Amino acid sequence: MDNTILEVVELKKYFPITSGILNRVIGYVRAVDGVSLRVYRGSTHAIVGETGCGKSTLARVIAGIYEPTGGRIIFDGIDLSNASVREKREARKSISMVFQDPTSSLNPRHRVLDIVTAPLRVNRIGSKPERLKRAREMIRMVELGDDVLHKYPHELSGGQRQRVAIARALITEPKLVILDEPTSSLDVSVQAKIVDLLLDLKKKLGLTYMLITHNLGLARNMATHVSVMYAGKIVETSPAEDLFANPSHPYTRALIAAIPPVDPAEEAIIRKHGLPARGGEPPSLTNPPRGCRFHPRCPLALQKCKEKEPPRVEISQEHYSWCWLD
Amino acid sequence: MALLEVRDLYIGYKTFKGVLDVVDGVSFSLERGESLALVGESGSGKTSIVKAILRSLPGNAVVRGEILFEGRDLLRTDRRYVSRVKGSKIAYIPQEPLSALNQLFTVEEHFIDRLLLAGKADVGLLGYLRERRRIPRGLREDMIRALEEARIGEPERVLSSYPFQLSGGMLQRVLIAMAIATRPLLLLADEPTTALDVITQKEILGLLRDLQRSMGMSILYVTHDLGVARMVADKILVLYAGQPAETGDSGKILDRPMHPYTAGLLGAIPKLSGASMSPIEGSLPDYTNPPRGCRFHPRCPHAMDKCRELRPPRLFVDGRAVYCWLYEG
Amino acid sequence: MPLGESVRVRRLLYNLRRSPTTIAGLVIVAVFVVMAVFGEYIAPHPEDAYTIHLEKKFQPPSLEHPFGTDAVGRDIFSRVILATRISLGIALGVVALAILVGFPLGLIAGYVGGLPSSIVMRLTDIFLSIPSVVLALAIAAMLEPTLENAMLALVVGWWPWYSRLGYSMAVTLKSEDYVMAARSYGAGTRHIVFREIMPNTLPVLAVKASLDVGYAILAEALLGFLGFGIKPPTPEWGTMLSEARIYLPDIWWYATFPGLAIFFAVMGFNLLGDGLRDLLGIEEEVR
């Protein structure tokens, strides 16, 4: 238990849909609908899912951008839902986030120095010269030169911008860093460099990562633990090795089957574990299917799946799946 | 005669910084019923090539070379000929389905416009109004048939829907249906699955493959994803910074890459097998002052003196073509 | 100059050269600004702001008096130049004040949302439903006809437009990733609205402001024409027009030149505003 840095219990985030002049609420987008998971110190925990499954929203709730609608977030032993304002602020400083698109996550009107020192300024940490020193340290740590500090984002390449975003995230010495699709907006030849940098920094600074991605290959490469998310819920969670050796949930297997293989090694894995989904639309988050949310597209769906939500089943040590088939 | 033949294509853009040499001497051919993937990262010139074929490059573009479609050079023929050909013999599906459709009109209205104006040039406002008044009777059946061919389950419902009511995958199928309705000889697809989830992507790629076979349609597919290229195309042309790297059968190229860039790319992407991602050193060139010779030489682990001076010509090895001095002699 | 700025400036100049209308606007505005600042040194008869020469009244345009003289013998050319300071000054002052009052209000309301911002925006809507010039007239009529009150009247008519602009910009920009990022590291409303959002609204604001200066000049001239605000003998285009009206069409030069001054001033700012819109619209890097 002491090894757990973050525990999320039945976390919910609903966005109200309003209509009319008086903004009457007519429904909710259930972006995160009862997510529970545990992130261990020093791990890289990947949340894998496709666009619209709620993983970005989950990341943002944990990062403090949105207030949860329900459930609890326990960070470093402190329950954030009934913590004091000061405790919450301390927690905020220890959780950072790197966004998907470095072009939009850096204010185009600010210079790099301002961008990188903003978290310090906003939290009133350090004096101006101290902040400058720290900024220089961070810039060097992400393998950029000091000259970058006076530039504007549009003068930098995509890879450089993402490094700046990483520097900004690390400047408050966080314990947990949430990476929201950190390489998706980058060119292929740059992605590998950023991944290398992230893994390097993790070791150097003793960080814990929460990696949000739709790319199973990236999760395979970086993660120690994986949770698969579908329609606002976690459907399978496991240490990484185990998940890829023995994927259980039909959705996980559908994801594997859908990957376009680039070489025979990938093809072999896909053939072994992949189970193509039935045709269908991605689920609606306002009106999700009854029972197991994946049942309309699940090739192995039983009658039970259409009616009742599946319970958690233990597949092996630390490997759980939410499915009636087990 | 190949359906589409591009010869020595050069595309530059005039900007305040100077001229950006984005496409530098690309040649390829596409036979009838064949599919070719243009694979490259952003800035490799692949989208510019497609725009050149459609003659929809921006005003500051400078083009040299030839683009022969059915033997006629699209760059030098009358604009009206190109307009007639677009929408009837050549069809195009874009990356973002939502930006290609107007939210104020139903799918049916978009479709009617597409079919009425296909193969015509210089219609003008009056001509358009005239056409709309004389909608041929069988049009609705044609539309439904096209939607079914695109594997849309409830074509009637989709016809009367507005774009915002449909999912990304469904919209892309609608665009495909509209594209194939005129039985085009060539389909240009600009990364149409980028905005879609993996499962839908697989369905769309499968659909395109099947349409290629059943309709004998040629496909020119632009993508940065090697896996997608392998799945959808018979042949691949790998581009780096506007120059061709190698071309040939997709499976062969990916199983045994010859050009150092292709090998580097394969090494750098995350793979399900967990193989480590090894980055390609260096960064994309400055297009106002690109490297001499082979543009990849600053980043190439095997670069020789020759590479820095002379552009490698097309060399044929093993039934494939590679543009690299390593394969000389 | 740091590298980033020079790239932006170079691109701006490159695009500027390709837009003759913007250059024209810039030139016209520059001319008027020079006239406003250095009026006394340029005008051949600066004393004619106040002194009268009844013996020279109603002289048609000549070499000595390019725009002719008015009903009390004053050089119209000099008066038009001197009036620039008042007209331009009031117009710029009004727009600046309207921005200062309305814009931050709108920005905050747009970002914060909820009930208080709804109230503020409904209030804005009420003001917006009355045409600004009519409102300004009504207020000016109620108060003493001084320069300050004229400006006050105009500002009251103008601020809601900037409130609305700030609101819509804040609503649009609050879902930008850099705002989300700021929230993630604990930034409060003040930082986000003024340090993150506002700098990104400046181009749009600049365009609207330059177009509005043109309208403000017109509105101010209207007030002067109707007798509110500026008391004679202070030279001001609107009051000059109102004096000259009864002498048309015989003493045509009396009204024509102040009228032309208004026309060109407004046109200059309109061209500049339009040009800025085009220039800044494509300012962001298109890769």
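Order of writing sets the labels: A, B and C. Residues in every chain begin at 1.
Here is the rule we use: contacts are C-beta pairs under 8 Å (C-beta built on N, C-alpha and C of every residue); 3 or more make two chains touch, one makes a residue touch a chain.
Bear in mind that the values here come from a model prediction, so they are computed numbers and not experimental data.
Visitor: Could you see whether A-C or B-C has the larger number of C-beta contact pairs?
Guide: Looking at contacts between chains, A-C has the larger number.
Visitor: Let me check something: if the centre of a chain is the mean of its CA atoms, which chain is farthest from chain B?
Guide: Here the answer is chain C, farthest from chain B.
Visitor: Quick one: report the Å distance separating chain A from chain B, using the average Cα coordinate of each chain.
Guide: About 32 Å separates the centre of chain A from that of chain B.
Visitor: At what distance in angstrom does the C-alpha mean of chain C lie from that of chain B?
Guide: Their C-alpha centroids are separated by 50 Å.
Visitor: Mind pulling the chain B residues that touch 2 or more other chains?
Guide: Residues 42-43 of chain B touch two or more partner chains.
Visitor: Considering only the defined contacts, which chain B positions touch chain C in the complex?
Guide: 16, 42-43
Visitor: Can you tell me which positions in chain C touch chain A when the two form their complex?
Guide: Interface residues on the chain C side: 2-4, 7, 176-178, 180-188, 191, 196, 199-200, 202, 284-285.
Visitor: Residue numbers of chain B touching chain A in their complex, please.
Guide: 41-43, 151, 153, 167, 169-170, 195-203, 205, 224-228, 230-231, 254-255, 264-280, 283-284
Visitor: Which stretch or stretches of chain A touch chain C in the complex?
Guide: 60, 63-65, 89, 92-93, 95-97, 99-101, 104-111, 118-119, 122-123, 150-152, 154-155, 165, 168, 172
Visitor: Within the complex, which stretch of chain C touches chain B?
Guide: 10-11, 14-15, 287
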